[in-house]
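Here come two complexes built around chain A, the first alongside chain B, the second alongside chain C.
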Partner chain A sequence: MLTFLAKRILSGLVLIALIPSLAFVLMRAGSSDVARQILGQTASEEQVAARAAALGLDRPLVSQYLDWAGRALRGDLGVSWFTNEPVAQAMATRVPATLSLVIVTTIIAAVIAVALGLAAAYYKGWLDRVLQVLSIAGFALPGFWLALMLVVWLAIDNPIFPATGYASISDGIGAWARSITLPVTALAVGAVTATAQQVRGAVRDVLQQDWVRTLRARGISRGSLIFKHVLRSAGVAGLTVLGLQFIGLLGGAVFVERLFAIPGMGQVLVTSTAQGDLPLVLGVVLVTTLIVVIVNLVIDLGVGFFNPKARLS
Partner chain B sequence: MSSEFTAVLPIGKPARKRGSVVVRALRNPSGLVAGVVIAIVFAVAVLADVIAPYGAQESDLSRLFEHGGDGHLLGTDGAGRDVLSLLIYGARSSLIGAAIAVGVSMLVGIPTGLIAGFYGRWFDQIGTWISSAILALPGIVVLLAFRASVSTSMWAAMLVFGVLLAPSFFTLVRAAVRSVRNELYVDAARVTGVSDARIISRHVLTIVRAPIVIQAAMVAALGLMIQAGLEFLGMGDRETASWGQSLNEGFQNIYRADHLILWPGLALGITIAAFALFANALRDALDAADAPRTPPAPPEASSVDPSVVPATTGDLVSIRGLRIAYGSGDDASEVVHGIDLDLDAGKVVGLVGESGSGKTQTALAVLGLLPDGGRITAGTISIDGRTTTLTQRISMLGRDIGYIPQEPMSNLDPAFTIGNQLVEPLRRHLGIGRREAEARALALLERVGIPEPERLMRSYPHQISGGMAQRVLIAGAVACEPRLLIADEPTTALDVTIQAEILDLLRDLQQERGMGLLIVTHNFGVVADICDEVYVMQMGVLVEHQAAGDLFAEPRHEYTRALLGASLEGGPSRRQREKEQLR
Partner chain C sequence: MARWKTAGIVLLAGALTVTGCSGGGDTGPSGDAESVLSIGSTTAPQSWDPADIGDANYKPYAQASYDTLILRQPDGEYAPMLAKTWSFSDDNRTVTLELRDDVTFSDGEEFNAEAVVANFEHFSSGTGPLSTQLAGLESAEATGEFTVTATFAEPIPDLVYNLSDAAGRMASPASLGSDSLATVPVGSGPYVMSEADTVQGSVYTLTAREDYWNPELQEFDEVEFRVFEDESALLNALRSGQIDAGNLTNPDSVQNATAAGYTILKPEAHISWFGLILFDRDGTMVPELADPLVREALAWAIDRETLASVTLGIDDGSIDTQMFNEGSPAWSSELAGTYHYDVDKAKALMAEAGVDGFTLTLPASGLFTQGMMTGVQNNLAEIGVDVVWEDVPAQAFISDMLGGTYAASVMVLGAVPTDWSVVQNYLTPTSAWNPLGTTNDELQALIDAIPGQNDTEREASYRDINQFVIDNNWFQPWFWAEENFAVNEDAVQVELQLQQNVPSIYNYSPAV
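Here is the complex of A and B:
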C-alpha cells in the first residue's frame, strides 16, 4: 500500500508539472498581441514594444516558460498583466469561494445519491421508477437554465436568498450558507441524479453476487447486509463516480459563478483566458491541477479501503 | 442516434440478439416514448429545410417579439425571426454537436480503456496519466483557449469537448476491466487458449457495456448542455441557429418576451431526457437478455413413476406440490411443476438431475432465497411438521438451516476477512461476544481441517484456494449447529482430489451432529458415497424416488438409467474402488 501511495504521489507531482506547461503552450500559441491589449488602442508602437519587453514576451518561448516555472517553484506565481494583482493573492481570495460550492455540492450529492440509489436498487418497484423519473428530470435540466429559474423564483420574486454575490465563512456561517444555497442547488441537481444512477447500478450488480445470497443464508441482519457488506462493495464504483463528479463540478462552477456573480476561480478563468492574462491563467490551472491530484489521491485511498484486492496491486 | 448505443454491444454476440435488444428496449413504454422523441428530433433535424415555415435567418423587422399566432405559430424573436423555424434548424446543430462529442469520446476512451485495463503495464500508466491530465485541465479553460487561439467553430469546440470527455469512458472501462481481469473465468479462458480479443469481447465487454451505455447518454446530454452553455455565454456562432443561441438571445430579452426562453429550454430538456430514458430502457433490455431462457415444457404427467409419491411424510422437511415460477402474468414460466419431497432428521437425501431440471430452484425455495422474480406459486414446505411461510423460513436461516453453495470462490464477500464473515452470524445467532465468537470460529476452522486457522481468519477471500474457501463455507454453514443443511453441488467446482475430502468432511459433520442433509448434485458418485435416499428430477418434475442402494441396483425410470449410464461410464463407485484397494 505504501509503495502504491508513493507511486500515486509521484505521478501526481508529474501532472502538476506537466499540466501548466501544456496550458502555457496552448495560451502562448494563440494570444500574440497581449501588450497591445493591455495598453489599449491609443498606446504608441514604442509603448507596446516596451511593455512586451518588460513582460519578457520578446524572448523565446522556452526561456519565458523556464522563467515562470522557476519562480513558481519558489512559490512566486507572478502578477496579473492586466490588474497587477499578485496571482497568489488572487487565488487565495477566489479558491475558497469555488471550493465552498464544489465541496458542499459533492457532500450533498454523495449523501442523497447513496440513499436514493441504494433504496431504488434494494426495494425496486415504484421507488425505483420514481428515481428513474427524478434522475431523468434532473439530468435533462441544463444547470444554467435551472440556476436562472432559481434566481427568478427564490431571489427576485420571493427574495429569500441573495441573487448575486458571495459571503465568506468568516462573514458568518449563516450569510455564507445563504449565499451558496442557490448556486449549490443548481449544481447539485445534476450531480445527485448522475451519481444516484451509478450507485443504483453498482448496488444492483452487487445484490446479484453469489456471496450476497450466502450471507442471507447465514441469517445476518438486513441492515448489516446492506450497509456493511453491499454498500462497501458498491462503494468502489460510487467513489469513482463522485471523484469524476467533483472534477466536473469545478467546470460547472464556471457557469454558476458567472450567473451568481460569485468571485471564484471560474470568474478569473473566463476573464483571464479572454484577455490572454497568462500569469492568472497559469495560476488557475496550477491550483486546479493541485485540487484534482489531491482528490484522486483521496479516492485511491478510499478504493483501497473498500476493496482489499486493490491494496495489493 | 441509436447507433451510438448499439455500437457498445459486445462484438462477440450474434447480430440477431443485437436487434432484439433494441426491439426489447422499444417494447418498454418509456423506451418507446424516448425512441420516438429521438426519432422525431432526428427527422426534424434532417428535414429542417423542408418543414421549417421560414428560413433560419429570415427576419421581418416589422414584427418583433410577437407571441404565437398569425403566420408565426410560436411567435417571433427580437430580430423578427420565426421562433418555430429557429427551433427546427436548432435541432440540427444541437444533434450534430452532441454526436461529435459522443462519437469522439467513445472512439478515444473505450479502446484505450480496454487496452489499459486488460494489458496494464506501460500503456496503463501512460493512459492513466494522460487521462488524469485531461481531467485536470478544466474543460472550460481548454475550450476557451482553443476558441481564442485555434478555431471559433462550434464543431471544432465539440470535437475538443469529446476528447475532454474521453477520460470518463477510459476510467470506467479500465476500472471495470481491471475488476474482471483476474476473475477465475477470465483466467480459465486464458488458460484454455482463448485469444485476448475473444476474451475481451466475450467476458470483458459484457461487464462494461451497462456503464458505457449510461455514460454515453450522459456524454450526449453533456454535449447538448455544454454547447448550449457556451452559446449561452455568448461564444456561439450568431449565424447558425441553435437552441443555446436562442436561449442566449431570449435571456437578453427575458423581461420583454419570456416565450423566447421557454421553447428552446423545453426542446433542450426534452431531447436530453429522451436520451437518458432510451439509454435506461436499453440497459434494462440488456440485463433482461442476460437472464436465463425459458425452460422447455415439462414431460407428460404419465411418464412420472408412481414410486415418486412417498408413503410417509418427512419429519424434518416435507414438501408437497411445490411449484416455482419466474415472472408474472403472460410472461410467467414455471420451472418446478409440483413436486413432493421428504427428509427425515439425521438422514441424507440427494436431489439429482441435469442442469435446468429445477433441483437448485427447489433447494433455494426451501431456503426462501429464490432469485429475483422467482416465487412459489403453489404447494407447501413444512419443517418439523409445521407448514412454514417464507418469512418463517428466512428467520430460520443461519440458526436452524445451513446452506453450502456451489462455487466457493464467489460466495465469500471479497471486502471482509474470513474471520469477520464467520464471526458475524455467530454473534447474532448465539448472542455471544466477539472474543467468544472468534474462539468458536477458530475451533470450527480447525474442525473442517484448516491447518493454520489463526492466519486464515485474518485472510481475505482472494488470498485462499478454492478448497480452503469451500471448507470455510462449510464451517460457516454448520457454525450455529443447524438441524437442516442444504448443500447445492458442494463439490462440483472443486478439484477431484479435494472433492473426496470435502465429501468425507460433509458426511462426518452430518453424522456427528445428526443433521438432516439435502444435497443437490448431478453426480451419482456423490449419491453413492453419502446419500440414504435419492430423488431424480427432470424438467421440473420428479421422475424417481428410491433408497440410494436400490436406485443403483435397479433404476426404474429410463431417465435415471440414462443419467447413471452417462455419469458412471460403467466404472465402479469410489466406495467400491476403496474396498477393492483394501483387499
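Here is the complex of A and C:
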C-alpha cells in the first residue's frame, strides 16, 4: 500500500511541476502586448515600454520563468498584473468559493445519483425507464439556461435566494447556503444524471454476477446484499465517475460563476487568461493542479479500498 | 399546481428563516436604516494607487476614496474642492493652488501643501494610464503650509480638468510608494474601504468617514461596488434589488431593464463613436489611401443608418461624422452630416482619383457583429474596394492596430473628456492612435498654437482641427455608440455627468 501511495504522490509532484510550466509556455507564446492592455488604448509607446520593463517583460523568457518558479517554490506567487492583488490572496478568496460549489455539488450528485442508480438497477421496470428519460432530459437541459431560469423564478419573481454573489461560511452558514443553492442546483442536474447512469450500469453488472446469485440463494437479507456487497463492488465505477465529475466541475463551474457573479477560480482564470495576466493564471493553474492531484490521490485510495487488486496495479 | 408552487416557496422561505437565512434589513447601530448605495460595474479597478487608476468606469471607485483638488460638477463646470482657489501665471506654465486647511486623510495624516507636492511627484513619475495629465512637470513646491505652486515645461491646456480628475486625486503621503496602496486606498475622500467586507475583483465595500470635511458630498452610509463579468448577471442583480444602478451596453439588456420598469439614463453628449480609422494616410501600406479623394470616397460609400439600425440595433439617430463629442467646443451641428450614403458620389471620386479598386485588410475582433462586417464589406465593394477581414485574437486586437500592422480599422473610440485629450490621443505624430506617425503642417500648426492661446482662441483652433480631420478623412466616425445607465429610482436618484459614461459618485443621492 505504501509503494502504491508513494507512486501516486510522485506522479502528482511531476504534474504539479509540469502543468504550470506548460501554462507558462502557452501563455507567453500566445501573449500579446500586456502592458498596452493594462494601460489602455490611449497610452503612448513610451508609457507602454516603461510598464513592460517594470513587469520584467523585456527579459528573456527563461529568466522570467526561472524567476517565477523560484519565487513559487518559496511560496511567493507574485502579484496580479491587472489588479495588483497578491496572487496568494486572490486564491485565498476564490478557492473556497469554487470548492464550495464543487464539493457540495459532488456530494449532492453522489447521494442522489447512488440512490437513483441503485433503485433503477435493482427494481428495473418503470423506475428504470423513468430514470432513463430523466437522464436524457438532464443531459439535454443546457446548464446556463437552467441557471437563468432559477434566477428568474427564485431570485427575481420570488426573492428567496440572492440572484448573484457569494457569502463565505464565515458570514454564517445560512448566508453561505443561500448564496450557493441556485448555482449548485444548476450544476448538480448534469452531474446527477451522468453519475446515476454510471451507478445504474455498474450495479446492474454486479447484480448479474454468480456470487450475487449465490448470496441470494443462501438467504442473505436484501439490505445486506445491496449495501454490504453490491454497492462495495459497484463503488469503484461510481467513485471514479464522481472523481471525474469533481475535476470536471472545477472547470465547468465557470458558467455559474459568471452568471451568479461568484468570485471563483474559473471566473478569474477566464478573465486573467483573456487579459494575459500571467501571475494570476499560473497561480490558478498551480492551485487547480494541486487540487486535481489530491482528488486523484483520494480516488485512488478509495478505489484501492473497494478493490484491493487495484493497489497492485 | 399554483397552490403547490406557492406552498413549496412558503415552506422553503420558512425553512430558511428558521435557520437564520433571511436577508434581513439594513439597520445601523442606532437602529436607523442605513443608506447603502450599490453600484454594478463590469470592470474592477486595476489599482487604487491614484497614479495607476484608469479612466471612464474607474472614476466612481476613485471618487469614493479620493478627493480631487478641483471638483467637476455634473454640467462640466469646475468648483473648489481640496483647492479653494487656483490661478495661472501669464504664460500658463505655472499654476498656484490655495488649499483647504481642515482636511485629513483616512490614516489620520494631515492634508497640506507638502502632501500635494508628494502626490504630484508620485503621479508624474509613474507609468499609469493617465500619467500624461501632468506631462512636463518641472517643479512642484510648497510655498506655504497650504499653498502649492507647480510649473510645467509647456502649458497644459486642460490642466484644470486634469486636477479634477486623476492628477488631482490626493493620497496620504505616508501611503505613496507602498504596495498596499494598490489594493487599499488611503485618501481624504468621503468613504473609506472596509477591507473585511471587500473581495478584490468582486465586491468593494466603502463606509462613510465620520470626520469627512464635506458631508454634502457624503450622501450614503455605505457605498458598495459589485463587479459582474457577465452583463446579464448585472441585470439580474438590478432586477432582484441587489444593486441600485449599473452601466448596460447590450441592447437586449437595455430592453429587458426598460421592460422591467427601470430608468435608462442616456448622456446628452455621447462618449464614443463607431467608425473607420484610416491609419495609412501616406499610403505606405495601401498606396491608394494617400489620395484624399480615395479616403473621401470611402466616407461617401458607407451606409451609416443601415449599419447603425440594422446591424447594431442602434436607432437613436446619432449619425455623426465628427470625432469630437457634442458637448465640446470643437463640435458643430453643421458638420454632423458632412458625409452620407451616396455611392454615385463615391464612385465619381474614385474615378477622379484614377483608382479602379484595391484591397483593404481590416482586423476583425470579437467586438464586431457579423452583420456589421458584412455591411462594411458590401458597402465598400460597391466602389471596388475589396475588404478582407483578418481574424485577430482579442488580446492582440488593440496592440496590432497601435503597432502599425493595419492600414485601416473599424473601431469604437472615445471622444472624451476634453478636446485637448482627443488631439493628444489621436492627432499628433506621437499619438497612440497615430501609429504610423502621420503629420501635416497645417494640422500641426493648429495643435502647436493651442497651449499658448486663451480659451476663445483655443475653441477656434479646435473647430479648425475638427474641420481638418473631416476634410482629410484621417478618422471617419459613422455614428455614436449608445450609452445606457440603468437606475432603480425607487432606491436612488442619480444625475449623469457631462462627458462621462458613468455618473460621478457625488451625483447619487438616496431616493426621496
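The definition used in the following text is that the second predicted complex is superposed on the first by the 313 of 313 C-alpha atoms of A that agree within 3 Å, B and C clash if a C-alpha of one lies under 4 Å from a C-alpha of the other, contacts with A are read in each partner's own complex, and residues count from 1 in each chain.
By our rule, contacts are C-beta pairs under 8 Å (C-beta built on N, C-alpha and C of every residue); 3 or more make two chains touch, one makes a residue touch a chain.
All values reported here derive from a predicted model rather than from experimental measurement.
In the superposition on chain A, contact of A:Arg258 is made with both chain B and chain C.
When both complexes are overlaid on chain A, the residue A:Gln197 reaches chain B alone and has no touch with chain C.
Residue contacts after overlaying the shared chain place A:Gly276 against chain B and chain C alike. Shared-chain residue A:Val268: touches chain C; no touch with chain B. After overlaying the two complexes on the shared chain, residue contacts for A:Leu250 are found with chain B alone; chain C is out of touch. When the two complexes are overlaid on their common chain A, residue A:Leu148 makes contact with chain B and with chain C alike.
Once the two complexes are laid over each other on the shared chain, residue contacts for A:Asp210 go to chain B alone; chain C is not touched.
By the document's definition of touching, of the two partners only chain C reaches A:Ile160; chain B does not.
The larger set of touched chain A residues comes from B, when the choice is between chain B and chain C. When both complexes are overlaid on chain A, the residue A:Ala177 reaches chain C alone and has no touch with chain B. For the contact definition in use here, the residues of chain A common to its chain B contact set and its chain C contact set are 30-31, 148, 258, 270, 274, 276. Those residues of chain A that touch chain B in the complex are listed here as 11, 14-15, 18-19, 22-23, 26-27, 29-31, 124, 132, 135-137, 139-145, 148, 194, 197-198, 201, 208-211, 213-221, 224, 229, 232-233, 236-237, 240, 244, 247, 250-251, 254-255, 258, 266, 269-270, 273-274, 276, 281, 284-285, 288-289, 292-293, 296, 306-309, 313. Across the interface of their complex, chain A is touched by residues 9, 12-13, 16, 19-21, 23, 44-47, 49, 52, 54-55, 127-129, 131-132, 179, 182-183, 199-203, 226-230, 232-234, 236-237, 239-242, 393-396, 398-400, 402-403, 413-414, 421, 425, 430-433 of chain C. Listing the residues of chain B that touch chain A in their complex gives 30, 125, 128-129, 132-133, 135-142, 144-146, 148-150, 168, 171-172, 175, 178-179, 182, 210-211, 214, 218, 221, 225, 228-229, 232-233, 247, 251, 261, 265, 268-270, 272-273, 276-277, 280, 367, 369, 372, 394-399, 401-403, 405, 407, 410-416, 421, 424-425, 428-429, 460, 462, 473, 476-477, 479-480. For chain A in complex with chain C, the touching residues are 30-33, 36-45, 47, 50-51, 54, 79, 82-85, 89-90, 93, 148, 151-152, 155-156, 158-160, 162-166, 172-175, 177-178, 258-261, 263, 267-268, 270-271, 274-276.
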